[in-house]
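Two complexes, one shared chain (chain A), two partners (chain B, chain C).
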Partner chain A sequence: MASNSKPATRKAAIVGGNRIPFARSNSTYAQASNQDMLTATLDGLVARFGLQGAEVGEVVAGAVLKHARDFNLTRESVLGSKLAPSTPAYDVQQACGTGLEAAILVANKIALGQIESGIAGGVDTTSDAPLAVGDDLRRVLISLNNATSLQDRLKALARIRPGMIAPEIPRNSEPRTGLAMGEHAQLTAHEWEIGREEQDELTVRSHQNMAAAYEQGFFDDLVTPFLGLSRDQNLRPDSSLEKLAKLKPVFGRALPEGAEATMTAGNSTPLTDGASAVLLASDEWAAERGLPVLAHLVDAQTAAVDYVHGGEGLLMAPVYAVPRMLARNGLSLQDFDFYEIHEAFASTVLATMKAWEDPAYCKEKLGLDAPLGSIDRAKLNVHGSSLAAGHPFAATGGRIVASLAKTLHRAGPGKRGLISICAAGGQGVVAVLES
Partner chain B sequence: MATTVLDQPPNMAALFAKAALTARGRGGDLPDTRLARTGVTVDGGNLAGYARVCGFPLTGALPATYPHVLTFGLQMALMSDRAFPLALPGLVHVRNGIDVVRPIGAAESLDLEVWAERFATHPSGATVDLCASVTSGGEEVWRGRSTYLARGAKAPAGAPESDVTVDVGTLERSVATWRIADDAGRRYAKVSGDVNPIHLSGLTAKAFGFKRAIAHGMWVKARVLGALANRLPESSTIDVGFRKPLFLPSTVTLATAQAGGGWDAAVRNATSGTEHLVGTIRPR
Partner chain C sequence: MADWYTTFANSGFGTTLTKQLGLPRPAVLRRYEPGQPLLPGPVVVGSAGKGRLRDAVTAVLRDAGVTVQSPATADGATDGERLGAVVLDATGLAGPGDLASAHDFLAPAIKRLRPSGRVLVLADPPSDADSPAQAAARQAVDGLVRSIAKELRGGATANAVFVPEGAEASLAGPLRFFLSGRSAYVDGQLLTLSPADVPTGEDDDRPLAGKVAVVTGAARGIGASIARVLARDGAHVVAVDIPAAGESLAAVANEIGGTAFQLDITAPDAASRLIEHLRERHGGVDVVVHNAGITRDKLLVNMDAARWNSVMAVNLQAQLDITQALLDDADVLKPDARIVCVSSQSGIAGNRGQTNYAASKAGVIGMVRAWAPEFAARNATINAVAPGFIVTEMTAKMPVGTREIGSRINSLQQGGLPVDVAETIAWLSQPGSAGVNGQTVRVCGQSMLGA
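Moving on to the complex of A and B:
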């Protein structure tokens, strides 16, 4: 091979990750902006892997709730970080799939030999959220801005009415259906007959698994304290079925009459602030710097469903994405040592697994001859997931990729892990990692 | 039959005032008059406002309901004329049918014609159909039929039975929830020119016997089409029945189901389930 020709495709290595502890909304990070949190997270990663002043191939990150001024959020964060200012960066946004999609994009460029290293990340705050002026006021202000004469300006100003002043607060609801994501998830839970108790059980396990992981020091090289917080604020090591059983359902107004509402503030993820980042590279780049290779990103897949008029659940797209990825890799659902199914809601994880077990659904909706089957619950979200950690939308993918890569690495070579993340807009992003 | 061609779009507020002042003492058969305008072009700013208020994407083609707005002024002129047998205040829009023969480009020059027909007997009064035809280059591209009910009115002897029933299949799955603000009527009035006081405020609605302002039926219909915008057949027949008034503000749900190569749809109150609109959309 000539020295200047491109190498054949190779698998991108996951070197490690860093995140700040996730904080509950309007709490410890209330004064921190997305840029503050992403910069701090990048700097933690830089410190961990000796990248001061280093130029990496590309930094890819995003936020779901973004201020208009943050049009170049990732590049601005890089410029404020200890990475070389010559490091290029760009923003991505795929709702809750943002963080994993960013990792896939970086991995793909590494696989193609276009870059040797890259950082994928994500950040979100629901505390320092962008408020928009209402559409009516916005139009007046735009015409005011465009007005060239005093008379035109006064004319524009005269159109302002007191009722226009109220700001528009970003809502966690689907624009086309007007329903909050939790309402959609409750409809799916009802359709799949997911009970309250199994949701609460999954929730307790998430808290217990994550608390145990913290106790064992699992997160010591994955999390850097920020603004006085050293653990995820939402984590409740003493969470129990009894306590969760006392919570009242918070969703269910879209349910048919008489149907039981089963989703509470306990078995749903809370609004959270936080950021995460993952360092990816070619094996050679890692070796040159004496850095470890925890795992490789083997393959990835996205899918989307028609949740508006098509009758599919809003968060069911990963159910479709996984079998497509498995088929391409000649894998079965049972060929994994660990599963990371993002806990947007406990019911989402349970409905996802139930759908893969359902022969009629797998045949009719997924076009499979046989159901994908069940997965061993002991291999699911072994170090806790979003119910315990919280879910700063775009930061969740990076949290999962880094945790799973480390889990696989510790289990030894040749171990395989599956990531499944659901996202707003009826989308899903999934990936396979291998140590 | 006489066709009168108007040079200018009619002034709607003046027509409403005239219709209210001359409401008494009307009767007789439908006038044998047609009102028309020729060479009408669409105002881009108005079209953008209409699309925004109704939830249509702004494209180079007119939303299926937009020609109704273009022809509505002629309807009003016809109905407010003393020769029209029914009093305009109190007329209730109970059914609306639209034939989209082909999509209409936003830059086309259009000829409009409006007439009344089918004075019919209804169990609680009489109905009349206000029909509209839109042609482009001599070819008919759009037809509309608005059926209005006049409670307590009497159709002439020998009039046919009115037909206001729109049948839809079962519509169990609600696909969207809309919170409709109390200024929905004023917003639609601004872009459609339909300044009927029953839509504008609680106070003006009370004057006409409604407890609160009610949403324009044609706005609700437009929102249904807006929600399905990219999934509609290019040429279609869209038939909706307006059931109970949609009081403002309200929270309603949209239910849709695929049917006959098109869609069935219903808009209902989110809590009581009261049906405001049921309709069918079919390819032509």
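Moving on to the complex of A and C:
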């Protein structure tokens, strides 16, 4: 009978994490591939937790920008790392939600008893980005490859035109609207009347919080230097409102006439290279190895919005995901000790919080009787977030999960944290951690 | 791994040339490798004075699989077989007259010594002598051994161990160390034992099996070598270095199957974080190697406060603070713990441009001496190791002339390797080294500096 019964679920433990410092695009990591960075990040995790030659249940990671050769990126990274070569791995990709989604997938298998341990990660490079040939040239090259006679080959080659040579460069824009993510975010900021100054204030706080965390050694067991970089390159401890105020807006071409553009290179995350990884396990697995349990992953939720025709903002999906998760767990938005709202743009964090406070929006869009209410800003992104660290798309989730788990652990048992990450394609991934 | 000159001097043409020109002829030293026999040839054990250690020494050597010859055999027909080591039991000297028999024994025996052979003299400490004549005879051992060390060639070394009454049980570990390849670059040294409860039945191949060892400054150089040797000897190594050195630290930890712990040891909460980590992850610590050190060289008159203070903070104050915190903690430091602190030849001899560094490293010597009784009461030990000229990435950047002179002015006519320092530290970390406490062991090839 027992063999047919569904296994009881348990909560997956977050043991710890590792990431490499995030570098600005085309800088220190310009020559590093996704595989280089993910492998180095896994090796740092192995060194921190003594996993040399160890087989973990599964390694799950992904990248948003991938080369064709990266088809089995995570498994190849595992093979290049100090983990046992018998460790299985697979790739996932959910845009900026990749890292958190990977952690959820690992946690769910642990919860079901299918694995005892796992590593969730993510990596991205905008420096070593793939360039592709255009579809016209690609078709010619394929027929050239398929041609069997010299005559056929010459025929295929004769179809090449100079205009086909220009490569296709990956763009940071939505395929269905042609708008850059920042343009979408600027539209949402305008809709929610998010001012320039409050965005800059949030940005300064992110830099200050992260700089203070580095000074206190908070990241000593979360980050391992890579290629000579030992802190996030984007971090500006001396960031100030005055300096940020001098920056010119960089988005706003989709705004209506006369509307103020408020988003700058300062209060938006820059393109960044980096990788992160999180070690999850059953409590027993951790205890057997003398490893700590920083927190448990309690629950998670994804949501998506129709930003193409539905009149919703591209990055607003987490606003929908959170109340569904709260309801399932009988929690209110105020039942948290720490909040980690991914700072894709300062305006995104502010619009998200404003939406939760808005009775009409909560009723009409979220179907709630009462608004979720406000959150205590002192509990928000207490060790800085993406505006300071930078945002290598798939690596952000792992950064947040490990940092929040450590924050909760230090605060003592029974503390609760909320993670909210927006993603391209109008998606959102959110989760609850508890120490 | 030998330096270019040692390689050259041991080549065919190099041998001829260096002999004809009377240039230094550094030998390729016998260094320890796992599974290696203690000695490559037989040992002859002799006595001067009454000698109370001969039987014990013979037993230790036979246990280690070494053939022990008596002086009679040594004087007789030998079939040309050369000796791996010569051990003189000079305990029980009554006065200088007894030393004649030391000469009678040593002269023919040393003549038969192999390359990288060992001369070891065991004696009573001069400070315990009953009479001036006895003290004179015991102190004479000092000059005798140091001179033999200077006369030996071919990578052979001479050292002395002073064994007080009641410390006989402490001898086995040090005896094996000085005869083995682990002590390749320890030459002309005088070690004083103290009575201790010495565990027996140690696995000589993995003497640190099951132990947890912390090594600070483990990301590179001598620290990385210490981590490797401790791991080779069976310890789980917690490799510590500043966060900025984390990339190479992780590589070292992964190479040796240890763990990396990024920590600035001068941070105000460094000791408490280290202790918490050791408790949570390992349930305590058996061995702590205070290796992290920095140099900020300047002549004293030109030295600013920052250079002085940073060197003192890393090289001395952090060692004091972390050790004190470990002692104050109820249970994280295991009862039979071993602390090994890295000092320096500069701390003994002084060095121009290194007032801050030399002061900090001399301070380490005073620190271990002062702490020894408290550690002995816990059945633990604290010792220091003072490296001489050790070939590292740092010395590779020195000007050729300075480097060559620095590396030749010792009895072995060559610089030591990081592994030589590491082997000495690993030996002091062993359970069998319980009777070595408060000592500073120089790993300097009998350097002329500060001798």
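Note that in this section the second predicted complex is superposed on the first by the 428 of 435 C-alpha atoms of A that agree within 3 Å, B and C clash if a C-alpha of one lies under 4 Å from a C-alpha of the other, contacts with A are read in each partner's own complex, and residues count from 1 in each chain.
In this text, a contact is a pair of C-beta atoms (placed from the backbone, for glycine too) under 8 Å apart; a residue touches a chain by one contact, two chains touch by 3 or more.
None of these values were measured; they are calculated from a predicted model.
When both complexes are overlaid on chain A, chain B and chain C end up sitting side by side without clashing.
When the shared chain is aligned, chain C comes close enough to touch A:217, but chain B does not. After overlaying the two complexes on the shared chain, residue contacts for A:311 are found with chain B alone; chain C is out of touch.
Within the superposed three-chain model, A:176 lies in touch with chain B and out of touch with chain C [touch as defined at top]. An angle of 150 degrees, to the nearest 10, separates chain B from chain C at the C-alpha centre of chain A in the overlay. Contacts of A:47 after superposition on the shared chain: chain C is touched, whereas chain B is not. Chain A is touched at more residues by one of its partners, and among chain B and chain C that partner is C. In the superposition on chain A, A:225 makes contact with chain C only, while chain B stays out of contact range. Once the two complexes are overlaid on the shared chain, A:254 sits against chain B while remaining clear of chain C. Annotation: superposed on chain A, chain B and chain C show a minimal Cα-Cα gap of 45 Å. When the two complexes are superposed on chain A, none of the residues of chain A touches both chain B and chain C. Listing the residues of chain B that touch chain A in their complex gives 52, 173-179, 227-228, 231, 256, 258, 263. The part of chain A that touches chain B in the complex is made up of residues 135, 176-179, 254, 308-309, 311. Interface residues of chain C facing chain A in the complex, by the touch rule stated above, are 236, 243-247, 249-251, 253-254, 257-264, 267, 269, 273, 280-283. Chain A meets chain C in the complex at residues 40, 43-44, 46-50, 52-53, 82, 217, 219-221, 223-228, 230, 290-292.
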